[in-house]
Amino acid sequence: MYFDSVSEFVAMGGHGFFVWSAYGISALLIIGNMVLAVRQQGRVRQEIQRRLRRDQRPAHNAVEGEVE
Amino acid sequence: MWKTLTRWYHQLSSPRYFYRFASAVLPWLMPIAVLVLLTGLVWGLVFAPVERYQGNSYRIIFIHVPASSGALMGYIAMGVAGLIALVWRLKMAEVMLKAMAPFGAVLATVSLATGALWGKPTWGTYWQWDARMTSMLILLFLYLGIIALQSAIRDPRQAARAASLLAVVGVINVVIVKYSVEWLNTLHQGATLKLVGESSINDAMKWPLLISMLGLWLLYAANVLMRARTEVLNRERRSGWVATLLAPGAKE
Amino acid sequence: MSGVWRASLRRELTLIWRAPADVIQPLFFFVVVVSLFPLGLSPEPELLALVAPGVVWVAALLAVMLSLDGLFRRDQESGALDQMLSAPVMTVVPVSAKLLAHWLLTGLPLALVAPLLGYMMQLPASVLDTLALSVLLGTPTLTVVGAIGAALTVGLNRGGILLAVLVLPLYVPVLVFGAGVVRTALDGLPTDGLLAVLGAILALALSLGPLAVALGLRISAGD
Amino acid sequence: MSGVWRASLRRELTLIWRAPADVIQPLFFFVVVVSLFPLGLSPEPELLALVAPGVVWVAALLAVMLSLDGLFRRDQESGALDQMLSAPVMTVVPVSAKLLAHWLLTGLPLALVAPLLGYMMQLPASVLDTLALSVLLGTPTLTVVGAIGAALTVGLNRGGILLAVLVLPLYVPVLVFGAGVVRTALDGLPTDGLLAVLGAILALALSLGPLAVALGLRISAGD
Amino acid sequence: MTDPSARLTVSRLGCERDDRMLFQDLAFNARAGEIWQITGANGAGKTTLLRILVGLHGFYQGQVRWSRPLAPDLLYLGHDAGIREELSARENLQFSRALSGQSGDLDAALAAVDLYGFEDVPAGRLSAGQRRRIALARLWLGGKSVWVLDEPYTAIDQAGVAKLDARLREAAGAGVLILYTSHHRVGDGVRQLRLGAAGEGR
Amino acid sequence: MTDPSARLTVSRLGCERDDRMLFQDLAFNARAGEIWQITGANGAGKTTLLRILVGLHGFYQGQVRWSRPLAPDLLYLGHDAGIREELSARENLQFSRALSGQSGDLDAALAAVDLYGFEDVPAGRLSAGQRRRIALARLWLGGKSVWVLDEPYTAIDQAGVAKLDARLREAAGAGVLILYTSHHRVGDGVRQLRLGAAGEGR
């Protein structure tokens, strides 16, 4: 442990603002990106599941090609 | 050995196996990445000694350097994926490329933000047109260009191919930019950075730095896997295996 | 095949000739943007000379980029692009003719007026030839690199802004070396090395660029 | 009639919302163009601060102008413009909704990032608010005046360059006063008078501009 | 809703484009409840005539008189139908409806042109014929007594053509004055206005 | 000139666009001398199918095999016909001819589509149908054994339709393989490939 007290840790020898905003912004961006990725995954899954439910009725096909 | 490698290659280039692989790895990778990153950061923030000339502001290094190098490596990796996608039309390369762009852009932003916040106490300004800062800014622009192009094209396969071409062209450009900007820059700020150059960096600072770097890269890998997995699902939504996987009531 | 190339070149030149405004406008844009700076900055000659290389080069960059926006658009909308892509010659053939025609009627004129603008921006007469040479060496690269962006965005109907976003970061090396050459000349230092770098970048762009453009068009068409 | 206005505004906002890139891209262009200058000029802080007001303002001008290029184009190509012109409401109604939506999503964001760019160009913190205010007062004028040019060129399919040629000269007063305000602030002199002039230009543009735009559209349609 | 007094009088109408007289001394009277099909070879001037009638093309000689101000009564569909690719079928129709002051039900109109299930897809991702159908849906929104349609049948499949045919007759029965261009054969009870073939006028 | 061995084999062809299967397991064989009309409702996938066959659309499953390399044999006319408004009819045709390696007489071809007298007018000043005719003139330039035409009859007047019809039959008689889309009724001796109606596949 380098620091003697919590307040000293927070102050960072007068550079607290810079250190903590650097880490704060970084955390915000990185976590935000993670959250977006997870939410996107959920959305795609939901969409596919909705479609699967809809398609549970027997599907008829769109082909009527003239086959030789 | 070679055989195992080629088998892996074929398996991972099949969307279905990739999905299984990613689903198996992610539950481990994610917590490990977070743990490693936190270890490095806490070590660096709480336990590492103060730096002689910069005081405690130097502690920004533990996020700044991992993010900067991650942004750079990430872009090169994207270019490689793009080349593979263009030449061999490998679907998984397209998927990976698309998955790599967002975190890369985030890392470039983090690098710029932390660098700026570090610059104020050390150089007395948030921003200067120093070579590294300038080329990182351009790298961010390139990332954003790729994201913009991808989101402008509707068809996911077409979007990925377009982004591949742009990424490959971009890598060539990054190399030239690096040299050109270094040449341009007459007020090289290198001297300040040398404080932490190889000779003077001590182990008490080096280890936490290396550990947070490892942690951030693992996190990057986890994020890419996660996004790639989503993209695979989205592209293969019509195939049988996705249907059984996500069928109502099915257990994964 | 060389017949197709010649027919393509003739078509492109006719198209531009039919609408000569397409040549005059990038030139005019170049002149207007450079002239805006003394209005926005301040008319002091020393300051102007100092910023002149950068200003002239940024304006050239923007002029070329804007002129590229329509490079493939009308061929795509009219279906002519599909004709080129399904023709029995490689797509590079008509594409390279198009690029050549574009440079002849945009890049070249820019190089010719650049010294005039440099003079208006109070550059000493001794560096004006270097300025013209740098623009001459740089604009073909701008055309080719920009055309890759134009090919990738051709179906997207987004106006020029998406193109700008893709292409401007790719223009940075040309800008740095192009303006750098002029600044070096202004300082009275030798410029051969930097001009050689500009030339090398040009060679790279000319050898790989047209292929990338053709590939980009194919991707945009849906393949 | 106010129903049509609201429906028009909603349509325009939806259109932009559908393609959010359209908002982000002018902003991005603004940032990129400003960043090109230190690359072309030199990274010396003193020089940069000196040219900053002009550079930021010229970049804002270009960003707004480029974003206007597509303002009516797609409505014209799709025939929606003919629908507006043959509708039982005055053309100013849908047109003014369009202009408002455009400014909200282009001009306003530019005013918000301008201070950041000013800082990057090494302007002292004390003039950053003046910079933002000048951009805020100037961009609506740029939108309206540019829209007149866009209306007149809508059928011509010339890419953005013809628009640039028509519009940039008209932007000169805004540029002179806009950059002038910032330079005055930089010299530590009072800026109220110049800001008032910017405001007066704005009032003029807002009162007559939309009518001119509507008239321009009618002329372009062939009437 | 529709006004039985809508009436169009065209006299001595002439138009020259690109150095060629397209038509000259054209005169006809059209009344509410009538369907007029304008025919003629390619380049005869059909599109030009319609644009003159609705006031979008101002370079002509002679007179075009409507019995009352046209704007509030007019439903005009041009060659290009005013569909924005970024907006869905519903959003496109919603805007057209507000602009023209119609008030019918959106979903019913879209269903009438067989776009049921495609209401929320951006128009850019529909086929050529489906896009035209969005514009045609305005014919089911009601409230207008003069319809001017430039090639409404273009790109429409056979079932669609039959449906559109029926709709025109129904509207004419209710007192709408309809003018349209088409290369299709003229149906029963439709008045024909034939413009001279291309080249004839030179 | 034409090669009687041109032959197209399509098997198990499927294409998905925008989350909807347009067609699936499509299979047919087409030979030199045959005329195939592809029909189907709006949105059925006709345009998409043609683009797949000529190699412009690459996202599909299944196989498309031509008996020999397609490019040198192909005459493809898309929905939009590749006519630049700034160029005259002759200049447009001249470029198409060079690009596709055809060699017929320009003026004869333009006369065949009734553009005699309009050869040197910029295409932008021609009517919708006249512009289409410039593209159709390529059918009179000869030298290609596979014709793929997307809605060739669009905007063409009745005399033009008859002429085009005759031309297709004549070419087929000389051994050309023709595939085209149209909503017009299928003529005698034309094989029909009907794609499922929009919506059925969902």
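Side notes on the structure shown:
For clarity, chains are labelled A, B, C, D, E and F in written order, and residue numbers in each chain start from 1.
Methods note: contacts are C-beta pairs under 8 Å (C-beta built on N, C-alpha and C of every residue); 3 or more make two chains touch, one makes a residue touch a chain.
As the structure is a prediction and not an experimental result, all values here were calculated from the model.
By the count of C-beta pairs in contact, the leading chain pair is C-D. Among the other chains, the CA centroid farthest from that of chain B is the one of E. A straight line joining the Cα centres of chain A and chain F is 47 Å long. Chain D and chain E have CA centres that are 37 Å apart. Averaging C-alpha coordinates per chain places the centre of chain A 15 Å away from that of chain B. The set of chain A residues touching two or more other chains comprises 51. For chain F, the set of residues touching two or more other chains reads 18-19, 21, 44, 59, 79. Contacts with at least two other chains are made by residues 19, 21, 25, 28, 32, 39, 42, 74 of chain D.
Chain C contributes residues 19, 21-22, 25-26, 28-29, 32-33, 36-37, 39-42, 47, 50-51, 53-55, 57-58, 61-62, 66-67, 69-70, 73-74, 157-162, 164-165, 168-169, 171-172, 175-176, 179, 183 to its touches with chain D in the complex. Residues 19, 21, 24-25, 28, 32, 35, 38-39, 42-45, 48, 119-120, 122 of chain D touch chain B in their complex.
In the complex of the two chains, the chain B residues touching chain C come out as 86, 138, 141-142, 144-145, 148-149, 152-153, 155, 158, 161-162, 165-166, 169-170, 172-173, 176-177, 180-181, 183-184. Chain B contributes residues 41, 45-50, 55-57, 59-60, 63-64, 67, 102-103, 106, 109-110, 113-114, 117-118, 120-121, 219, 223, 226-227, 229-230, 233-234, 237, 242-243, 246-248 to its touches with chain A in the complex.
Only residues 51, 54-59, 71-72, 74, 76, 78-87, 91, 94-96, 98-101, 122 of chain F touch chain C when the two sit together in their complex.
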